[in-house]
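Going by the order they are written in, the chains are A, B and C; count residues from 1 in each one.
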């Protein structure tokens, strides 16, 4: 089951440059929230603050309050443990090339000390089924390496890998940017089904995708959140002129 | 940004305004034809109908194209949808003008009778409604559109009065029945034109404010955005 | 008409240039490979006749006597190289990991500089250093000292190659691991190092092949031995040493054996590298990088 996410007064820096200003946002459990905005507006930085990946960049700093369910992300839990509760899928599919499909999916478990072979088999099958990849690869999960799949399959593999550790939240940073329309369609279908079990936050450049997939949409601009509302409101009648300008392509 | 799209939107606006002009003119001509018993004018109305129909098709095609190819959103999307609806209403207005013209052609073959019904006043009010609804579109001003909605009640009342008066006439002077009927039908056509003008106004409000005020009693200030603000970016005249 | 001819001429000239460049490239390859093939061929020619069972299983006979072999030298080389690898490979890889993960600073630059300098130090000087460090302390020559000397020579190469290979691993893989909640140290070992394995092994093999044939550092560390020795703390024979000793000796039989020894040395090195390559490829999955 997914949990809600609450963000208050979030500020983030890269060295001396401030990337996020006073972000305040609530994302509902078991819903998909899309974050849109022009390049460099801070939406990727924002989701990386949710699972404390922002800190892995040298010189990066975060201040503010992020609550994942009941858990305070920045107080009382180590980043590593936090990230085990939050799954992340990146823009360019990044399966581990030296590992088999099976090992890729199980990586999150194996590398964190999980050992039970039988349970692992079940978890791997379940995760691959959840990401609509099982039927395509079930005969070669031990033989083929993660990198030998097509782009769309690789991304689904990464999704399965993220799901295997049973996170409560799934963060997706432009997951379909590098994929063709058919693979994109499959993954959007997937997101639709995953919503019932996880809370999904998806960053996307593609407004039509946000419109198709998410119940809520937030518009980011220059490190601030300009508007956050139900997706249909944002795309049919946004309240802020900046949002309207971006959506109708009259930006810049 | 998006020049081709903007050009498409501008073209759509131009075409719709042209059509609006044709429809407005048709109504004026038909009414003048009735008041002056002028057959020539009525003929012009009948001939102008073809052009209105052509315009309707062009506008629908262009709007369809823009929807399919340009993925319009928010204000642009509301604009294009509003244009397609206003398009249909304007074509109907053209049809009603033709109906009036046909009534006049029948009426002119009969002797003139002085009827106690003020078609002139009614036609002035209706023409004003059409004009104002088109102005509200040109200027993207929701208050103008709002005013049109309020005038509809007035015209409805005029039509009801005309009905009562003309029925009385037909009872008291059965030899004037045909003329009275013609007048009644003209009044009804005018009232339909007023309805279409009201629809146009509602569509403008939908476009400008993003609020659907159809079938409601409209209130001033309803919907998002402050009244007096013109927020729509599509085909912005300013 | 003249224009067409001009076009034809130009394209002819360009094709000619293209062919010349290709020929030049092939010629340089031939030039580079030729000495290698020549050496190998000559070694084969001179040494193959002397490789026989006796050569491979017997220890040297006293000077002047015919026969005997370099068995102990072969064994000694194996021993010394094993010691060198046990010391050098972990230290080199460890230093490489440190430099790639934490070395983007002045300290890291200093280490790199020192490593490059060490790489350039003449092998005989390294032999002297090992002599001072180990032999003088222990008061006798030993295989251990030889191993230490060779290890010192292996480390810079391994360090630099490991660092380069680890840096080549795309950051996206590290991010994927962090995203799964894998701690940094585990990411470095299980993901980054694992992905760079083939490159790292190449580096190790390069270093290994280089030190396998070094003679100077062994001169006053392992020192050589006429007899079998498996003890770490005693002088040990080594192939390069033995070849050296035999080659400068006045005995023809020893000369003959020196050629054989050289051939065996080359075969052993090439064999070791090939074996490792096969093993790595065998362990890699279908379709993996």
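The rule is short, and it goes like this: contacts are C-beta pairs under 8 Å (C-beta built on N, C-alpha and C of every residue); 3 or more make two chains touch, one makes a residue touch a chain.
Just so it is clear, the structure is predicted and the values come from calculations on it, not from any experiment.
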- Message: Quick check for the class: compute each chain's Cα centroid; which one is farthest from the centroid of chain A?
- Response: B
- Looking at mean CA positions, which chain is nearest the middle of everything shown? A
- Query: How many angstrom lie between the CA centroids of chain A and chain C, rounded to a whole number?
  - Reply: 46
- Note on the structure: For the pair chain A and chain B, the C-alpha centroid-to-centroid distance in angstrom is 51
- Task: Calculate how many whole Å lie between the centre of chain B and the centre of chain C, each centre taken as the average of the chain's C-alpha atoms.
- Result: 92
- For the chain A and chain B complex, residues of the former touching the latter: 207-208, 234-239, 241, 243-245, 247-252
- Message: For a test of understanding, state which residues of chain A touch chain C in their complex under the given definition.
- Response: 51, 53, 56, 80-85, 87-88, 90, 92, 94-100, 107-108, 111-112, 143-145, 147-148, 158, 161-162, 165
- Message: If we count contacts the way the header does, which residues on chain B are in touch with chain A in the complex?
- Response: 1-2, 5, 71-78, 210, 224, 231, 233-234
- Touching residues on chain C, where the partner in the complex is chain A: 170, 172-173, 175-183, 186-187, 190-191, 194-195, 197, 284-289
